[in-house]
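Lettered A, B, C and D in written order, each chain numbered from 1.
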Amino acid sequence: MNHQYSAVVLGVGPERGLGATLAKHFANKGLHVFIAGRSEDKLNIVADSIGNRGGVATAVVADATKEYDVSHLFEVIKLHGSPLLIAAYNVDSNIPAPILDTETEIFTQLWLQNCLGAFVFAKEAIANMKPNQQGTLFFTGATASLRAKPPFIAFASAKAALRALAQGLAREFSPQGIHVVHTIIDGVINGDRAEQQFSEYYKSKGEEGLLKLEAIAETYWSIHCQHPSAWTHELDLRPFKEPF
Amino acid sequence: MNHQYSAVVLGVGPERGLGATLAKHFANKGLHVFIAGRSEDKLNIVADSIGNRGGVATAVVADATKEYDVSHLFEVIKLHGSPLLIAAYNVDSNIPAPILDTETEIFTQLWLQNCLGAFVFAKEAIANMKPNQQGTLFFTGATASLRAKPPFIAFASAKAALRALAQGLAREFSPQGIHVVHTIIDGVINGDRAEQQFSEYYKSKGEEGLLKLEAIAETYWSIHCQHPSAWTHELDLRPFKEPF
Amino acid sequence: MNHQYSAVVLGVGPERGLGATLAKHFANKGLHVFIAGRSEDKLNIVADSIGNRGGVATAVVADATKEYDVSHLFEVIKLHGSPLLIAAYNVDSNIPAPILDTETEIFTQLWLQNCLGAFVFAKEAIANMKPNQQGTLFFTGATASLRAKPPFIAFASAKAALRALAQGLAREFSPQGIHVVHTIIDGVINGDRAEQQFSEYYKSKGEEGLLKLEAIAETYWSIHCQHPSAWTHELDLRPFKEPF
Amino acid sequence: MNHQYSAVVLGVGPERGLGATLAKHFANKGLHVFIAGRSEDKLNIVADSIGNRGGVATAVVADATKEYDVSHLFEVIKLHGSPLLIAAYNVDSNIPAPILDTETEIFTQLWLQNCLGAFVFAKEAIANMKPNQQGTLFFTGATASLRAKPPFIAFASAKAALRALAQGLAREFSPQGIHVVHTIIDGVINGDRAEQQFSEYYKSKGEEGLLKLEAIAETYWSIHCQHPSAWTHELDLRPFKEPF
C-alpha cells in the first residue's frame, strides 16, 4: 500500500472511543489517516497503534472549537498531498443539567463543540474535496437531534443544529460529488467516554445494550463505499436491545 | 384596566413588524407590555403607538445576544411587580449565503440571535413565571428549523437549535404550569423587515401570499388562552397560497 | 340566528365525547350542525341536547367506512342548502394488540375507520366547499401518527396514513381557499370512550392528566377562525402534565 | 455452496427491477432465494437468470394483497427447511391523480399493495424468523412516506402507513433479534417500471439522476450484515444529483 488517499478524523480521544476506532478502520482500508483531538498523549497512543498494525497515521493536536487549529489541521493534510476521501467530524460533547442550572457558558460550549466546530471543519473538508469532486463527509450525530428531553436540552439543541447543518450541506454539495452523511447514534457506545461519564447508566445497559465501536465503524465504511447513484444521507444506529 | 398582568416581547423592531404587532395585541388585551430591542427609536415609536391607544408599554433597550441586557430587562419587569403572563422571544435573524462564503462570525451571530438569546430569555422568563405556576413562553420559529436548504443553512441550523430548545423546555416546564410554544412561520411576513431584506421575493408573493401581522398575533393570543388540559406546543402558520 | 351556515361532524358517539362536543360548540356559534355516527340513539341524545340549548342539529346515521353512508350524509347537507363552513372527521378507532395477534381484519378495520373514511369524507366535503372557496376541514389525529409503538402498531399505521392524507389535502386545496387541519391529540381524552376502553390507564392519569373536551373544541374553533394569511395546518394538543 | 440459508423477496417483477435485483444479489451471496410476484413469466425469467449464474431460486406466484397467496409462499419456504435470513417486501404501487379524481378503489388498492401486503408478509416472516432469533426484514419505502404531495396523496398515505408499520415492528421485534429496516427510496429507479410508468420524468433525470439497481441492492446487503449492536432501522437512498 502506498497510501495515495487520506482520511481525517476530528474528535479522536481515548483508544477505546469512536474517533480512534474510525481512524483505525480507515487506516486498515489503506488510507493515510490524520487524527486530531485535544490530547497529544491520546493521539499518540492511537497513532502508534495504527502504525504498529502497518497503517499510516499523522497526529495533529487540535481543538475543534478553535478555527485556527482546524485550519492548521487541513494545512497539514494539504501539505501531505494525497486527496482526502473521508472527513469525519466526531466531536461529541454532552453535559446534562436542568435548564435553570445550565450556565450560558455551558450552553455555548456544547454548541461550539457539537456544531460550530463541525461548520469550520466542513468548510475546510469541502474546500479540499471539491476539486476532485469526491469524498465523504461524516457527522456523528445523536437521537437528541430529533427529540429534546431534559436534562439534555443544551446537548439536544446543539445536535439539532448539527443535524440541520449536515442536511443543508448534503443539499448543497451532493450534486458536486461530495457525500454528506449524518449518523444518528441512538444509545450508549461501548467506549471509555460513556463508561466514565455515564457510569451507572453504562453498566445498566449490559453488554448487549451497548453500541460496539467496530460495528459503527463498519457501517461508516459501507456508507462511504456507496455508489453515488444511491447515497444515504442519514441513518440511525442502535443496539438491538435499545428501546426507542 | 389596571394592568395587573404583564407581557414581554424581545425582538421589537419596526412598527410594521411581528414584535411590535404582538406587543400591541397583548396591550390591547390589557397587559402591561415590556418591549425590548436594539433600537431605542423604534421602541419609542411602538411604545407611543401603544400609549396613544390607551395601552401601557415600557421600552427597554436590549440586545438579545447580551446576557447583561436580557437580565436587566427582567429586572425592570420584576421591579414593576405585576406577574408575567406572556414572554415572547421574537428575534429572527437571517443572512443567506452559500456555505463556503459564510464566515464563522456570521454563522455564530445567527445562532446567538436565534438561539442563545432565546436560552437566556427563557431562563429569565421561567424564573419569573415559576412561582406563579403560570405563563406562556413563545418562540417565533421558522420552517427552516425542519428543513435546511441552501443558501439558508446557517439560519436553518440556528432555528433547528431554537426548536430543540423550545421542545426541551416544554417537556421540562409544562408540568410546572408554564406553556411553552414554538411557532413555525412558513412564508414571508407582510412587514418592513422582509420587504427590505428580501425585496424581490417579497413582491413576487403578492398581497395574498404574505403572512399578515395581526393574523399571526391573533393565533399567538388564542394559543395563550388555551386551557392547560389541551395545550399546543407547536404549530405552523402559513399563507393559504404558500406552497409547502 | 337563522343558521345560514352549517357544519358537519362525522364520528359522533357518546354525549361525553369529542364528536358531540365539537358539534355542540359549532352549534353554539350559530352553525346548523349535521351530526353523523353509527348509533341513532347516541346521535339523538346529542341532537336533543343541542336543540334544548337553542341550537339546530340534524342527525344522520352513517358508518364512516361505508361510502354510501357518507355520500348520503352529504346529500342531506346539500339539500339543506346552507354552505358548509366546517367539516370534522372525528372517527378514531384503536384496538391495541401485539402484532402477531392482530388479525388482518382488525388491521384493515382500523385503516378503514381512521383513514379510508376520512378520504371519502374529505372528497365530499371538498366538493361541497370548493364552489364557495371557503371552509375548514378537520382531521382528528393522534401522536401515534408520528411514532408507532407496540401494542398500537395497527392504530399508528392507520393514523400515519390519515396524517399523510391530511397533509396532501392541505397542499392541494389550501390555495383554493380550503383550510385543512390535522390535530395531534397527545394524551387521553376526558370522555366516555377512553374511560370505558382504557379504564385503568384513564384513572391513572388523574383529573389534571386528561384532555378536556371543551378545551379541545375551543382550539378547533380558534383554528377555524384564523385569517387565511396565517393558517395552521397541524398542531398538537396535550394536557400540561402529559409527558412527551 | 449448499444453500443452508434462504431469503424471500415479495414484489419481483421485470428482470430490470428492484425485486429481481435484490433476489439476484442475495442468491450471489449464497442464499436460496424465494421470489414472488404476480407474473409467472417474469418470475421464471428471474429464476432462470439466477440459476444460470449458479444460484438457487424458487419462483412462487403470489399477489401480495391476497393473504392466501402470502401464506402459501411461506409454506413453500417452510417446506424447504432452510432458515430465512432475509425477507424483503418490495411491492411498490403508485397511481398519481388529483384527489377528487381518485376513486375509493384506487386509494384502497394502493394501501393494500403498499401496506396491508407488508403487514401480512411481516407476520409470516417474523413467525419464521422468531425461533432462530435472527433475520432481516426489509420494507422498501419512499420519500412520500415523509411528505405527501399532490398528485401522489394516495401513494403517500399508503407509504406513510407502511413506514409506521415498519417502525412499530422494529420496536417490537428488534429486542428479539429480528432486524427491521425501512428504506426511503428518494428518486427514480433505473428500472423498467419507472421507465414505462413515468417515461418523461425518467428521461428528464438523465443517467446520473437515477438510482442504480445494483447500488441499492448493495446497501440492502450491507445493512443486513450489520452487527446487532449497531443496527440501522431507517435510511434514505438517493442519486447524488437528486434535489431534496
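Everything that follows uses one rule, which is that contacts are C-beta pairs under 8 Å (C-beta built on N, C-alpha and C of every residue); 3 or more make two chains touch, one makes a residue touch a chain.
Computed from a predicted model, the values in this text were never measured in an experiment.
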Check: What is the minimum number of touch steps required to go from chain A to chain C?
Finding: 2
Note to self: Which chains sit in contact with both members of the pair chain B and chain C?
What the structure shows: none
Note to self: Could you classify the chain A-chain B contact as same or different, where same means more than half of all interface residue numbers appear on both copies?
What the structure shows: same
Notebook entry, point to check: Just how far, in Å, is the C-alpha centre of chain D from the one of chain A?
Noted result: 32
Check: Approximately how many whole Å separate the CA-defined centres of chain C and chain D?
Finding: 34
Check: Distance-wise, how many Å sit between the C-alpha centres of chain B and chain D, to the nearest whole number?
Finding: 46
Item checked: Touching two or more other chains - residues of chain D -> 171
Check: Does the chain-touch network form a line, ring, star, complete graph or other?
Finding: ring
Next item on the list: Using the contact rule from the top, write out all pairs of chains that touch.
Entry: A-B, A-D, B-C, C-D
Notebook entry, point to check: Can you list the residues on chain B that touch chain C in the complex?
Noted result: 170-171, 174-175, 177, 179, 190, 208, 210-212, 214-216, 218-219, 222-223, 225-244
Checklist line | Residue ranges of chain C touching chain D (in the complex, touch as defined) | finding: 67, 98-100, 102, 104, 107-108, 111, 115-116, 119-120, 122-123, 126-127, 144-145, 147-150, 152-154, 156-165, 167-169, 171-172
